[in-house]
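First chain A sits with chain B, and in the next complex the same chain sits with chain C.
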Partner chain A sequence: MATIVSVHSFRGGTGKSNSTANLASLCAQQGYRVAIVDTDIQSPGVHVLFGIDEAQAPRCLNDFLWGTCRIDEAAVDVTPVLEGGVEPVAGRLFVVPSSIKSDEIGRVLRDGYDVGRLNDGFRALIKSLALDLLFIDTHPGVNEETLLSLAISDLLVLIMRPDAQDYQGTAVTLELARRLEVPEILLTVNKVPPSLDAVKLRVDVARTFGVEVAGVLPLNLEMVEVASGGVFVTRYPEHPFTRELRVIAGRITVAAAPAARRA
Partner chain B sequence: MDLDPQPSPTLIVQLLDRARGVPVQSWHVTGPVARIGRARECEIPVADPYVSRQHAELRFGEGTWLLVCLSQRGVLVGGAPVMIARVTENLQFKLGQAGPELRVVPAAELPADLPTMSLPSLPVQRIEIDEALKTKEVAAIAESDSFRALLDKARQLRKDRSD
Partner chain C sequence: MSTPKSGNALDALLGRMKAAASPLREALLEIHGQYAPVMDGVVASYIPELALADPNWFGLSVVTVDGQSVDVGDHQQTFTIQSVSKPLIFGLALEDQGREAVLAKVGVEPTGEAFNSIELDEVSNRPYNPMVNAGAIATADLVAGKDLPDRVKRMLAMFGRYVGHPVHVDNGVYMSERSTGHRNRAIGHLMLNFGMISDRVDDTLDLYFQQCSVLVTAHDLAMVGATLANGGVNPVTGERALRQEFVRDLLSVMYTCGMYDSAGQWVYEVGLPAKSGVGGGIVAVVPGKLGIGLFSPPLDSKGNSVRGVGACVELARRFGLHLFESGFTGPDIVGELNPRRARGSG
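Presenting the complex of A and B:
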């Protein structure tokens, strides 16, 4: 039984898409069969990190939602991208990208899509690709689509910055996730400047939000330099950021069903 | 290396603000050894994720202070990595490529009334949640019919998946 992991932020700019891509990559390196579905249809971004262009992805999530293809036909195997790094990859990684064509984005915004179809699609994808983990990269904020993602998730990773603008909204999202009975919820603080005491921050956040803090990720200048031109963890396997992310990935895979773990 | 039995001259070590290069914190070091690192037991504890638990130390021996690197992340003086450096007047060093800069100032050279902090303290980040507002915002969403329907659906889906 696959674990569905939603990665969500109340606001944009928290590093959600980057973190999702890198977390999923670390899980694939460890031997899991992993997919990322970019449900941030309004502002898709995951495909950029893996260098997916139209030629490689003639079909995308939008096509599936409009009923013109099966969901696995929209999945791109990006394992070769990870294999370009230093670490060997024992598992597999797939990405179901969203369309980057502005007219298609406009169409979704105007017409909406069948949210129930999205859920059916996830189950079909898990089956067809024999997945252990399915990461959902959600649109920021609280809306019908993101609430559905929470409702069908086994694990929610909430990402926020140590910034007053993020705190209130994250607290609301956390409470809604609890009301939707999401089985496991983890909080990650990202883009933490070196002037903040990371240890104290972790304790303060855990106490204030009453939730497990899976990781405290430092403000990462090398990541800014990579500028989403690649998967950070494959280029910088020993960077402190990667190490902390690996701890978070380990925490996520602990939540994965034991039967799904590879030898 | 044997440590000198005579008392060592005091050093002042300053942690410099990254953006402006001015001291934000300082320590008096009397020796013979002062450890610099993230670990709380260090005489100079630096809370920075890029700093190793035991990153470097200042050691007095044979009449002179030395800066010794203990970490794989390195200690940089003038941009170049050093394993051991003699402490000279206003020696400035960096704890790793990504770490903070510190400066050593011989105590004898400082005026007696120099304040420890050269900047007003940065405000301590406090995480504040307006609970009443949160309750109101949550209720506005959670008490809608569509939310209740979603919760029922969620329960059904989870039950189906575990069967």
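Presenting the complex of A and C:
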């Protein structure tokens, strides 16, 4: 049984897709079989980080939701992208992208889809790719994909910035996550400016929400420079940002370990 | 069992997500996958409209008494309700006329005869039960209203309360049934001859042909079942479809007479009140728990959906749904709606 990890933020621009891609990559580097499903149907983006283009991904999540392909047919093996880095990759990483074509985005928004089918897809993907970890990258805010991903997640990674709007939104998401009985929730504070005391911030946030803070990530200029042109942790394996992400990834694999320990 | 949650939109949405993520959905998908390849049975063709059905259609829905639903396969495909309408019309007649008056016109004895047999009880002249055509026409006669349009309106409103949305008659099927329903006309006139139905026989036959031609989905049938499982109240809308005192009347005749002349085999194997129709629909009721809606057009020799029967047998077996089951140690079907159950195992 794989561990399902939802990565969510109430508002956009928190670095959610970047964090998902990097955390999943770190887990794959550690030897886990990992996949990311981009359920951000309205504004997909995680494929960019792995340089997936249309030629590589003739099928996508939309095709599966419309019943025109199996979900594993939409999965792209991006392990070679990680192998460009310093560390050898012991595991595997797959990405199921969402369509970037405007008419296909429009169609799924107009016609909707059977949310149960999305769940069937997650289960089928776990089985056919023998996954240890499934990361679900969600659209910011609250919608059906988000709620479904919360309902099936073993672990929620909630990302926020030290910003009043994010504080409010995070409280909303936490309430929903608790009502959907997500077993484990990890908060991550991202884009923390150097002027803030990271230790104090960690304590404050944990106290405010009553949730474990897995990491406090500094505002990262190099990340901005990478500009989603690649996976940060493979380019900067010794960067403080990567080290902090590695702690969070470690925390995720601890949560996954009982179920996902492989022979 | 918790109370209906119709008041809270967020609760309903969260419930929908939980159901979509539940182990029960996986179980239904498995059962669907198990019976989808079964190619036995024949699509009803006594009128051309029914023969148009795709034999591959197969929908499977479960709705619980707290309004959660799990739907797989062609659960949104519409089809005509046909005989599944019969217990509901029986219920409307009971509400309109009272138990005594209804039982004076129709019995509650199962019969081994085919559903369309022209046969009445020799002593009482009553049709054997409301599930055979004769009994259904007799109960349709008892539906109150000042004229035919009024009676049709009341009948459609009643179906609407069960399924939770307005329903419509498939006019093609209705006109076809109406113009070819000679046998049913004969049954009607025979009963008129015995004084078992009133002299508005043509109106009543018209009502009967329309009731059989109401369009529903597998999900709708599960909602009908859930309403009957819930004491007559639709668990999603909170609206009462049938007075509580008559729920047991319906479930009793469904239990003993609901599956045409394979009722005995059905009760033995599945042990749930149910009703099938030649459109390929089946509704089954687990009292106090849930309704099951099944739809697949190919029928067995008795007139029951082959895949529907198979899937229901399998559901009952897996989750110990037979009413006489006791000490069952397998999974509780309602518990299987919780996405957190069974997580981490397997």
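Brief remarks on what is shown
The working rule: the second predicted complex is superposed on the first by the 259 of 263 C-alpha atoms of A that agree within 3 Å, B and C clash if a C-alpha of one lies under 4 Å from a C-alpha of the other, contacts with A are read in each partner's own complex, and residues count from 1 in each chain.
Methods note: contacts are C-beta pairs under 8 Å (C-beta built on N, C-alpha and C of every residue); 3 or more make two chains touch, one makes a residue touch a chain.
Since this is a predicted model, take the numbers as computed values, not measurements.
Superposition of the two complexes onto chain A shows a clash between chain B and chain C. Look at A:101: by the touch rule set out above, it reaches neither chain B nor chain C. When both complexes are overlaid on chain A, the residue A:196 reaches chain B alone and has no touch with chain C. Once chain A of one complex is fitted onto chain A of the other, the partner contacts of A:240 are limited to chain B, with no touch recorded for chain C. Of the two partner chains, chain C is the only one that A:120 touches; chain B does not reach it.
With both complexes placed on chain A, chain A has more residues touched by B than by the other of chain B and chain C. In the superposed model, A:204 makes contact with chain B only, not with chain C. Residue contacts after overlaying the shared chain place A:148 against chain B and chain C alike.
In the superposition on chain A, A:180 contacts both chain B and chain C. Look at A:171: by the touch rule set out above, it reaches chain B but stays clear of chain C. Annotation: chain A residues 1, 119, 144, 147-148, 151-152, 176, 179-181, 183 touch chain B in one complex and chain C in the other. By the touch criterion given at the top, residues 1, 115-116, 118-120, 123, 144, 147-148, 150-152, 154, 176, 179-181, 183, 258-259 of chain A touch chain C in their complex.
For chain C in complex with chain A, the touching residues are 13-14, 16-21, 25-26, 29, 70-72, 339-340, 343-346. Across the interface of their complex, chain A is touched by residues 18, 47-50, 98-100, 122, 125, 127-130, 133-134, 137-138, 141-142, 146-147, 150-151, 153-155, 157-158, 161-162 of chain B.
Touching chain B in their complex are the following residues of chain A: 1, 119, 142, 144, 147-148, 151-152, 162, 164, 167-168, 171-172, 175-176, 179-181, 183, 192, 194-201, 204-205, 208-209, 216, 218, 221, 240, 244.
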